[in-house]
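Some structures are shown below for you to check.
Presented sequentially are two complexes of subunit A, the first with subunit B as partner and the second with subunit C.
Up next, the complex of A and B:
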C-alpha cells in the first residue's frame, strides 16, 4: 500500500505530539486524568484557532504578523462589547472580518508584501485594543465561559474542541472545492487565473476566513481567562507561525495541513509544560523550545529527502 | 515477643509523632512561585531573596518545597499555562507575581477549585479567591511630602518626577503626593516630568524643564530617578535641592558622598524586592490554617539619614536596598489587617 504525501506530512507532528505526551505522563502521572488533560491542553484551544487562521493566510503564500495583536483586539471586544451589548460586539467582529478581507484585497491589488502590511496593521489592532481597554479588565460573556469550562462526558473539552477544529478545517480546506482554490492561489496563481477564477475574490475570502478563525480564538481565550488586556495574546503571532510549520505546512504557499496545524499548536503548548516539568530554568526555556522546533523540522527535512529519493527511483 | 512488639510499636510511634509535634503542620506542603519577569535588578533581587529564605525554610522542614518558576516572555497566556502546570504538579500553594491583574483569573480560579492556596503580590490578581499583598503606593507618595514638611517647615517649590505614564503605580504615587501637598499648602508643585523610573530618562527630562523653573527646594520622585535628577541639577549649575531617593544603589552612593561632603540630608523610600518572602510566609501561614484577610498591605522600605550606611552596606552594586521578611514579620502584617 502506498502512503500518500499528505499522510507522511502528518506522521512527524503526530509522532512528536505522542512522544511529548508520553514524556509528560511519565514525569507527571497526575496529568493522565480528565482534569489533567484539560489543564494541559485548554490554553491550546485559542492557539489552535489562531494557528488555523495563520495557516489560511500562509496557504495563499502570505504571512500574517498581526495575528497576536488581532487576537488581543478580539479578546478585548469579547470582554467589553460582546459581553455588554452583544449586537454591537457582533457588528464590530463583522467589521473586523471585513477589514481582513480588505487587507487581502490591498495586498493583492497593490502587490504589497503581506509582511509589511500586516506588521503595520498589528499596530492598528494594538491601538484599538488599548483604546477599548486602557487598563486590564472586562468580563467574559457567560456563554463563552460556559463553553470553555464545560465538562463533556469521558473526553475533556480541550480535546473535543481540538478535534472539532481539526475536522472542520480539514474538510473545508482539503476536501472542498473552495479549499482547492485557496491552496491553488498559494501554489500556482497563474493556473488558477487562467482557469477563469477571480484570484482577488479568493484572496479576500481567505483573509476573511482567517479573520473569522482569529475572532473565534479571541473569544475562546477570554472564555478561559475570564477577562482581557490589550497585550493578552501577543505571543500568538510567532506561536501560530511555528504551529503551522510544525504541523507540516510550508512558507511557500499551497502546502498546508489543517489537522497538522492543530497538532502543531497542541505540541507547542505541551512543549512549554514539558520544559516546566523538567525544571529547566527560564533563561534556557526559549532556547529549549527552539531546540524542539529544530529537531522536529530536521526530522521532516530528512523525511522529505527520503520521499524524493523514493519518487526519483 | 509481646514486649518486643510493644517496643517496636513505641519506637515507631515516637519516630512518627516526635517530629510532627515538634514542627508546624506545613512540613509536607509544597509552595511554588510563579513569576512573570526577571529582567531587571529589582526582580533579580526578588528571586535571590526568595531563594535565600525558602531554602532555609525547606532545610528546617517548615515546608517540603518552595520552587521558583519564571516565564520566559513576560506574557499572561504563558503564565496562565505555567499556573495550570503547577496545579498538575501538585503544589499546595502558589505565590504569584502576575503579568496581568485580570488575564490570569481563569487559571487562578482553576487552582482555587483544585484546593490550592493562591497568594499574589506586587503584580496582584483580581480573582476574589486569591489573596493579595499590595503596596500602599499612595501612602508612599504622601510620606515624601510629610518628610519634607518636617524638614522644610517654610515650604517652597517642588519638582515632581513621575514614572511610566499609564501604569497604575505611577497614578497612585502621584495621587499620594498631591494629597500630601493639599495637606501642606506651603509646598507648591511648579513642574512635573516623566522619568520612567530610569536615571537616564529622568536626567534628560529634568535637564529639559529646569531652565523654565524658579528656584526648586525639593524634588519628589518615584524611585530610580533621583540620581539622574541630581546630575541634571549639577549640570545646570543650580543648587542641589532636597531630592527624595528611591533605594537604588547609585542613588544611595550619591547621597552618601553628598552627606560626607556637606552634610546633605534627605530620605529614601521604595518597596523592597524581599516582599516575595513575605508572600511566602503568608502562604505558609494560610496553609497552617491561620485566618488571613484576603487583602494585606505590605510596608514600604524607608531609609533615613541615620541608617543610610547600614542599608548601603547591604545593597549590591547596581541593585536595590532590600529587606527579607521573617515569619514574625508576616504574622505582624496579618494581625495588622484584622
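Up next, the complex of A and C:
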C-alpha cells in the first residue's frame, strides 16, 4: 500500500510530539496520569485554535502578524462584554470576524503584502484591547470557565478538545470542497480563477474563518485564565506560525495540514512543560525553547531525507 | 503627466510627503514652539529605525519568506555585551564597537547556517535564533544596568550644527548601503536573487554566498544599532529591542521596498522612519491616550500602504 504524502506530512510532527512526551514521562513518571496530562497540555487549546487560524491564512499564501494582538483583543472582549452582556459581546465578535473578511478583500483587491496590512492591524487590535482593559482584569463567563475546566472521563479536557479541533478542521480543510478551494488559492490562484471561482470571495471567507478560530482561541484562553489583559496573547503570533511549520505546513503553495498544526501547537506547549521538568534555569528557558524548535525541525529534515532515499530505491 | 510618472517611479516621495504633512500638523498644534526640538527628536529616533531598517531591507530584498526576526534580540545582546565590556572606560569604546560588530557577524552566520544546513524557513530560523540570543542576553545582563562610557554617551546625545550625531551616523551608513546596493555587483546580485532565484542561479550568481553576506550585514547593522541605542539611553535594557521588530519591517515596506523582493529603496526608509516617529509624537501632542494612539498608528500604516501600494497593481 502506498502511503499518501499527506500522511507522511503527519508522521513527522506526530513522531516529534511522541518523542517529547516520552522524554517528559521518563523524567517525571507522575505526569503519566489524568491530572498530569491535564497540567501538561492545559494551555494547548487556545494555542491550537490560534495555530489553526494562522494555518488558514497561510493556506492562501498570506501571513497574519496580528494573530497575537487579535487573540488578546478577543480575550478582552470575552472577559468584559461577553461576560456582562452576551448579546453585545457576540455582536463585537461578529464585527471582528467581518473586519477579518474585509482585510482579506483589501489585501486581495489592492494586491497588498499581507505582512504589512496585518502588522498595521496588530496595532489596531492592541489599541482596542487597551481601551477595553487598560489594566488586567475582567472575568471569564461562567460557561467558558465550565467548558475549559470540565473533567471528561478517562481523557483530560485539553486532549479531547485538541482532538475535536483537529478532526473538525481536518474535514473542513482537507475533505470539503471549500477547503480544496482555499488550498487551491494558495497553490495556483490563476487556475482557481480560470475555473470560474471568485478568488475574492474565497479569500474573504478564509480570513473570516481564520477570524472565527481566533475568536474561539480568545474565549478558550479566558476560560483557562479567568481574567484577561491587553497583552495576554501577544506571543501567539510567533507561536502560531511556528506551530504551523512544525506541523508540516509551508509558507507558500497552500500546503497545510490541520492535524499537523494542532500537533505542532501541542508540541510547542509541551516544550514549555518539558523545560520546567528539566529544571533549566529561568534565564535559559526561552533559549531552550528555541533549541527545541531547531532540533525538531532538524529531525524533520532528517526524516524527509530518509523518506526520499526510500522512494528512490 | 510627467509629474504622476515621477511619483510612480519614485515611490519614496509618498513617505516624505506624509512625513511633512504630519510634521506640519504637529507644529501647527503647538504654535510652532517645538519645531526645532521635534525635528531633532525625530531625526534621532528615526536614525535608530533607519539603521535596523537598512539591514532588514537587504534581507527582504532577497525575496519572499526572507525576514530577520532576530533583530531585536541581537540589539539587546549587543548593547548588553558592549556596555559590560567597556565598563564605563572611555578607552574601551572602539573595542566595544568591534565586539558588537563581531557579535553581529557570529549571529548572521548562525542564522544562515540554520537556514542553509537545516533548510529551515528564514522566519522560523531567525525566530529560534532570537530565542537563544535573548536567553544569552538575560544571562549576561543579570538585571545590572551598566552606564556607557562618558565620551560615548555624550557623542550619542549631542548634535553637530543642530543635526543629531546619531542621525549623521545613520546617514553615513545609508550612503554606504546605497553604494553597496546600486553601485556594486553585490547589490545587483541580491536584487537578481529577489526577482528570481532560479534565473539568478542560471546566470551563475553565487546565491549562498550572497545570502550569507546579507544575513551577516543585517545582524551587524542590528548590533551597531543596539550599541548606539544602549549608549544613547544610558544603559542596556532587556526589552530595548522589542519595538524594533515590527518597526524594522514597517519602515522597509512603507518606504517602498517590495515585500516580494528584488526591489529596494533606501530614501524611503528615511521617509518611513521619520513618519513613524512623527505620527506617534503628533498623537501624543494631540493628547490621545495609549489605546487611541495604537489604533490610529495602525490605521495610518494601513492608509499609507493603501495609497502607496497601488503601484504594485500597475506592474
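To be clear about the criterion, the second predicted complex is superposed on the first by the 300 of 313 C-alpha atoms of A that agree within 3 Å, B and C clash if a C-alpha of one lies under 4 Å from a C-alpha of the other, contacts with A are read in each partner's own complex, and residues count from 1 in each chain.
Definition applied: a contact is a pair of C-beta atoms (placed from the backbone, for glycine too) under 8 Å apart; a residue touches a chain by one contact, two chains touch by 3 or more.
Everything quoted here is computed from the prediction, not taken from an experiment.
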| item | value |
| --- | --- |
| First, second, both or neither for A:286, with subunit B first and subunit C second | both |
| Touching partner for A:251 - first (subunit B), second (subunit C), both, neither | second |
| Partner chain in contact with A:110 - subunit B first, subunit C second, else both or neither | second |
| Touched partner set for A:134, first subunit B, second subunit C, both or neither | both |
| Which superposed partner A:227 touches (first subunit B, second subunit C, both, neither) | first |
| Touched partner set for A:30, first subunit B, second subunit C, both or neither | first |
| Subunit B versus subunit C as contact partner of A:123, first or second or both or neither | second |
| Touched partner set for A:242, first subunit B, second subunit C, both or neither | second |
| Shared contact residues on subunit A - subunit B and subunit C | 134, 283, 285-286, 289 |
| Contact footprint of subunit B on subunit A as seen in their complex | 28, 30-31, 35-36, 39-40, 42-43, 46, 134-138, 221, 224-229, 231-236, 269, 272-273, 276-277, 279, 281-283, 285-286, 289 |
| Partner subunit A, residues of subunit B touching it in the complex | 38, 67, 69-73, 75-78, 80-82, 84-85, 87-90, 100-107, 109-110, 114, 126-127, 166, 168 |
| Footprint of subunit A on subunit C - complex, ascending | 64-65, 67, 69, 114, 118-121, 123-125, 127-136, 138-139, 246, 249-250, 253-254, 259-260, 289-302, 305-306, 309-310, 312-313 |
| Residue ranges of subunit A touching subunit C (in the complex, touch as defined) | 65, 106, 110-113, 115-117, 119-131, 134, 238, 241-242, 245, 251-252, 283-291, 293-294, 297-298, 301 |
